[in-house]
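This structure is in structure tokens; I'll ask about it shortly.
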């Protein structure tokens, strides 16, 4: 019951938003819906309701985490959106806001769906609703970004579908009553056909990996994140990627149950390191701050995949990292959005001294950089440290070393750009009209996300720890 | 009953090759539509007993794949006034040969794969593989946005073919979901196509390389 | 018992009174070799006495450091002199690790002398100061390597036991190498030929003398006294390595010590009269050679 | 009964928040600064109370631990003698620094960055205190990084200046590399020791490779912070470009924290392999000599001081290496002298180096230039600063009479004792560090004579000197206090002998029995008496002769310059020419580039001789290396500039690749 409401609140809100005609009032739908959704999520996590719709929609531990993350991130972004759209009065947001809300619905559905096909549909929905968001600015560049995103992610999602089919097909032989429910798949994975399982995993990894942005399927990310508004970037990098990661995790669980632990872990570790390496290479000397953030997201996805691949405690770290990454990306993209708005550019040739011109956004941007690169006392440090611990204690010494090296390169590449942006003297403004200043609505979300990231760095709430442990145990299935 | 399945599949394969080789847009669209219609008939051939639901699904599929989407593409074509795909990344003949090779490879590959089901010793798996491959080839070698959309369609067709193996297992919802997504996806795509056309006054994706390092 | 009281007194007395004699001896020797009559043997005493009575002219650029330098230098040298045993008799002050103090006291003196040189703001004195500090880097290494040899020999880290270690078990080669090295350092530290020529008149080529160009009157007197004392102390140190035998009768040993010192001065005089002054750029090589000699001595002993 | 640790935590807290209230006050009001200074004072007082409680409690180490909601470890803190020793400089220098800043970095004069500076100042000090207090690896890492990041923001206080940004950037990279090394180190440590508790000794049965990895990682991480050559690359720039009281804090305290780590790592194995100590010793000797050579050749007095910090850290490392070797060979005397000397020298260095840096701050404030060769004759203009600076220079050269000598003397003694080791023992070669130390001493004299002589003595070399004058008492009192500290330690070393010995006991409990042996090893009291004699006697002599001489002065006229009629200030030796000879001697090591004046054909052109002094490791090695790597990596850039078809091709490629991998 609760779950149904949870999914339908954003849908209704979207309908309402589409109905409202005033461009000024419409944004306020977002915080309201987000607040309701968030409150409801908390109650749901507390009550832990039974699955509905024949078990198609229910809560599993990793799903809970993603649900919590998406809802929180969306709440933060929804406040920001109101403030942001005040500076974009020239453009109608009648498409943007419903899309955002549908996106929330889709993400919720992904988190709650216990059925292969349903999850796939939900992810496809999020993918499709994302396109108009990226296209919000209506510039040729944004069209290009949208086109690339749409084509790549559609192909990816198609591959994922084929992969799902393979997954089912693998278990068809000796399973009298086949079903797409994950619980069912896991139960019968032992008897499933290994070869088909492997093929299925490859396709699903590539397919959902495209959504997640693992190299080399990441190519849409820099363009899309670069051209989309900051808030959309935050939602993509924090929410969508987490949903895709969740999908991969669920599939991985089936394969583990099918006795393919080593196989999938090798694949995940390989893809993870590849993504981190690619991100590191493209971050060095990056001049465009939003593209830089996109590559940082690629790197983060690499870390997640690596953690999932190493498994055990590393998986705990990966899930924690997923949450940290979501919130930190919120900090970074939102503050980058403010900086972009204030300077009218996101290129390091024009953007200097953000800490002087925008004390809040500049500082948060700097701190976000430190956080995302795994410096204490921020959240990501804890998760990265956990993954590293697990890697070494599982005697992946070589992989651990490469991991550290890549982290270092990423730090150097990202730091160069960020320091150019935040330090120094700002150039004199070209135009005086409609100058952006940090306001309450665009500043508060930054502070909120910063505080959350800081808190996760020094104190992980017990309930979260419990959920993480649940998720870790959930993923450890016997073949 | 293998022949009843394999014949249409062979036609599908031939269509793949044809689509790889043809340069006229209209014939490309038509053959894609034809492929869609043929595929929509497959469930009827596969199922032991035909109930209403299957027919409905088949009809809807045929309508979308055979009418709706081709219509959209035609419209986009008219707006953009393009007749044919010129200078693809790889020439037409080479792509054809690649497609043929791909088909051969997928047949052999499928032969190696263990068949988990009796009665699936048909062309279904190789056909779906090679169709997916064809879609990919179209997507990667052609520059016109529309051709890429068609490539994506073919890709979905390949997946649909594989879906035939799961008719028993997979409830219809998924298939309908696929169709829905396909429909919405193409819908969004056509809008974007429209905008691309307005912004760049052409559908040549080589112009879409402003975003770079 | 009686000697425990008297020896230190003699030690201090010699340390205070005797130094100016050595330059006298050296000059006499040089004069003798050159076939001249030369200044009287006690001329340095007369000079110092005269200078102390004169008034002085100081540069308007200088600060208190300029005037403090000679005093501190003298004090440091005096203290250093109290750490070195003369002849077979223990030094008035000796305790574990005093050799480091001995070396660093000269460093203290150098700090003040060179600062005073820079204090005048003259180009020449800066030049001299630069040379002094640069060469000191090399000579200090030589000194400590030489002392290291003695430490390893005597098994103690205090000058008195080190230098008075029983004669019997002294492998000759290392000691001689160290002695040679230390002798070179002695020449360099006291700005004698072949490193420096105390009585040239070309400032551009001088080290020590050029640093004190602007000192006059009592200050100059103190400086001359101090440098003579430095010569005395270092000679006393080197003597232990060159002629390590004693008679055993205290009085005789004191006499022997006097003779040795004068002989030492004579040797230095000989060196000065038979050697030419090295070019400035060759001096580091010479000092490096000194370090190498001492180092080689050490290696010989360890292997 | 953990009185002192709780007090110390309170002190840390008050230190951490000291800068925070200031953020709420306006950019133009001094209130925030007052509050910050008072909180800092409170922190220091609490800290002193805690230390006194600890000392009076008989040096019993106290540990407390609370559970923590992080995946591992707990919030464990502890205090023992070593910790106490390292806490002293933090408390003292931070307080003096913030008092100095009341006059030197007034909020009213630096409205732009004053508040940020004080906030980070507090954080950094708290971070350092936490580092030395930490009893848990994770806590240690967090405190460590808080310190490092706060330090970064302190360096970039004047970020409108490109040099400052560059220095900050290099520091940040260095700090992060160190951080990553430490992270790896702690993970390995946990793997071997089983938990993140510090600083338990790991079992001697751990595989050699593991122990070696732990040690090398620690060496990299802590060495980077301590600025041991060749890991010093960040140090000169950071020290030169930060505000002077921040430089004082860095050099006087932050480097010590790196040393602290090295001390602790020497402790984790009961019998460390010999090469541990040897590595420390060789690195120490190297950075002592090389650091001072670089220092002598500098033209920027703050850079000169920075390089001399490298030298002092080198000396400390020599002592530490000696102590570690002592551990290996069960030579309690080496442990006592080495560790005692090292810790003593740390205390001394955190007295006279801040003194010198604050003095440099006064010079900078008065003349607004960091060029040695633009100054001269400042002693007349700012006598108090000059005299205090002179004292600092004497102390840092380790000359008898002041505290610097005592600590170096202890290390010397330890090294000399290795020369008396049994015949043909490898230990004997250790004593070859003695000449290295001697060269260092001589070089130090050269460097600081150059610095003091050409900044304060002689005649002015440019007009910037004209309006220089001693700043107000606010900036002189901290210097005076530090100078008094130097004298106090020189005259009354027994103040800390107990501390040193019990530190050595805490460090090697199985070897060090009692304080008795220390006196026989090194008669510090004798030395102190001689120091007193030198100081008092010297002073008395000076006064006496000064009085006598005043009548004898006939005239004060310009310097005699060999008959040259009208001597001008530009004729005097510059700092650059003073160190020219040295530079030529070591040209193979430090590529000093003199910009030779152009040859005039017949009429001599107006010419001037300058030289720039690059840092060999940084400017010749790392920066070109990084540039090369970046150029190589940029080859991959075009992969991201393709039309979407190619991106799809990537996808197809990886798909086929993975399927292919499936077949094998």
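Brief remarks on what is shown
A, B, C and D label the chains in the order they appear, each numbered from 1.
In this section, contacts are C-beta pairs under 8 Å (C-beta built on N, C-alpha and C of every residue); 3 or more make two chains touch, one makes a residue touch a chain.
Because the structure is a prediction, the values reported are computed rather than measured.
Counting steps between touching chains, the shortest path from subunit B to subunit C takes 2. In this assembly, the C-alpha centroid of subunit A lies 44 Å from the C-alpha centroid of subunit D. Centre-to-centre separation of subunit A and subunit B, using mean CA positions: 31 Å.
Centre-to-centre separation of subunit B and subunit D, using mean CA positions: 70 Å. One finds 36 Å separating the Cα centroids of subunit C and subunit D. Of all residues in subunit B, those touching 2 or more other chains are 136, 139, 148, 205, 208-209, 213, listed in ascending order. Within subunit D, residues 637, 640, 644, 648 each touch two or more of the remaining chains. Annotation, chain-chain contacts: A-B, A-D, B-D, C-D (touch as defined at the top).
Contact residues of subunit B toward subunit A in the complex are 113-114, 116-117, 128, 132, 136, 139, 145, 148, 152, 155-156, 158-159, 162-163, 165-166, 168-171, 173-174, 177-178, 180-181, 184-185, 188-189, 192, 195-196, 199-200, 205, 208-211, 213. Residues 637-638, 640-646, 648-649, 652 of subunit D are the ones that touch subunit B when the two sit in their complex.
Here subunit C touches subunit D in the complex through residues 54-61, 63-65, 67-68, 71-72, 75-76, 79, 93, 95-97, 100-101, 103-105, 107-108, 110-111, 114-115, 117-127, 129-131, 133-134, 136-138, 140-141, 143-145, 148, 151-152, 155-157, 203, 213-214, 217-219, 284, 291, 295, 298, 302-303, going by the rule given at the top.
Within the complex, the subunit D residues that touch subunit C are 376-377, 379-380, 386, 390, 393-394, 397-401, 405, 408-409, 412-413, 416-417, 419-420, 423-424, 428-429, 431-432, 434-435, 437-439, 441-443, 445-446, 448-450, 452-454, 456-459, 520-523, 526-527, 530, 533-534, 537-538, 541-542, 545-546, 549, 552-562, 567, 569, 571-573, 577-582, 585.
Residues 147-148, 151-152, 155-156, 159, 195, 198-199, 202-203, 205-206, 210, 216-217, 219-220, 222, 267, 281-282, 284-285, 313, 316, 353, 355-356, 370, 373, 375-377, 381-382, 385-386, 388-389, 392-393, 400-401, 404, 407-408, 411-412, 415-416, 419, 423-425, 457-462, 465 of subunit A are the ones that touch subunit D when the two sit in their complex.
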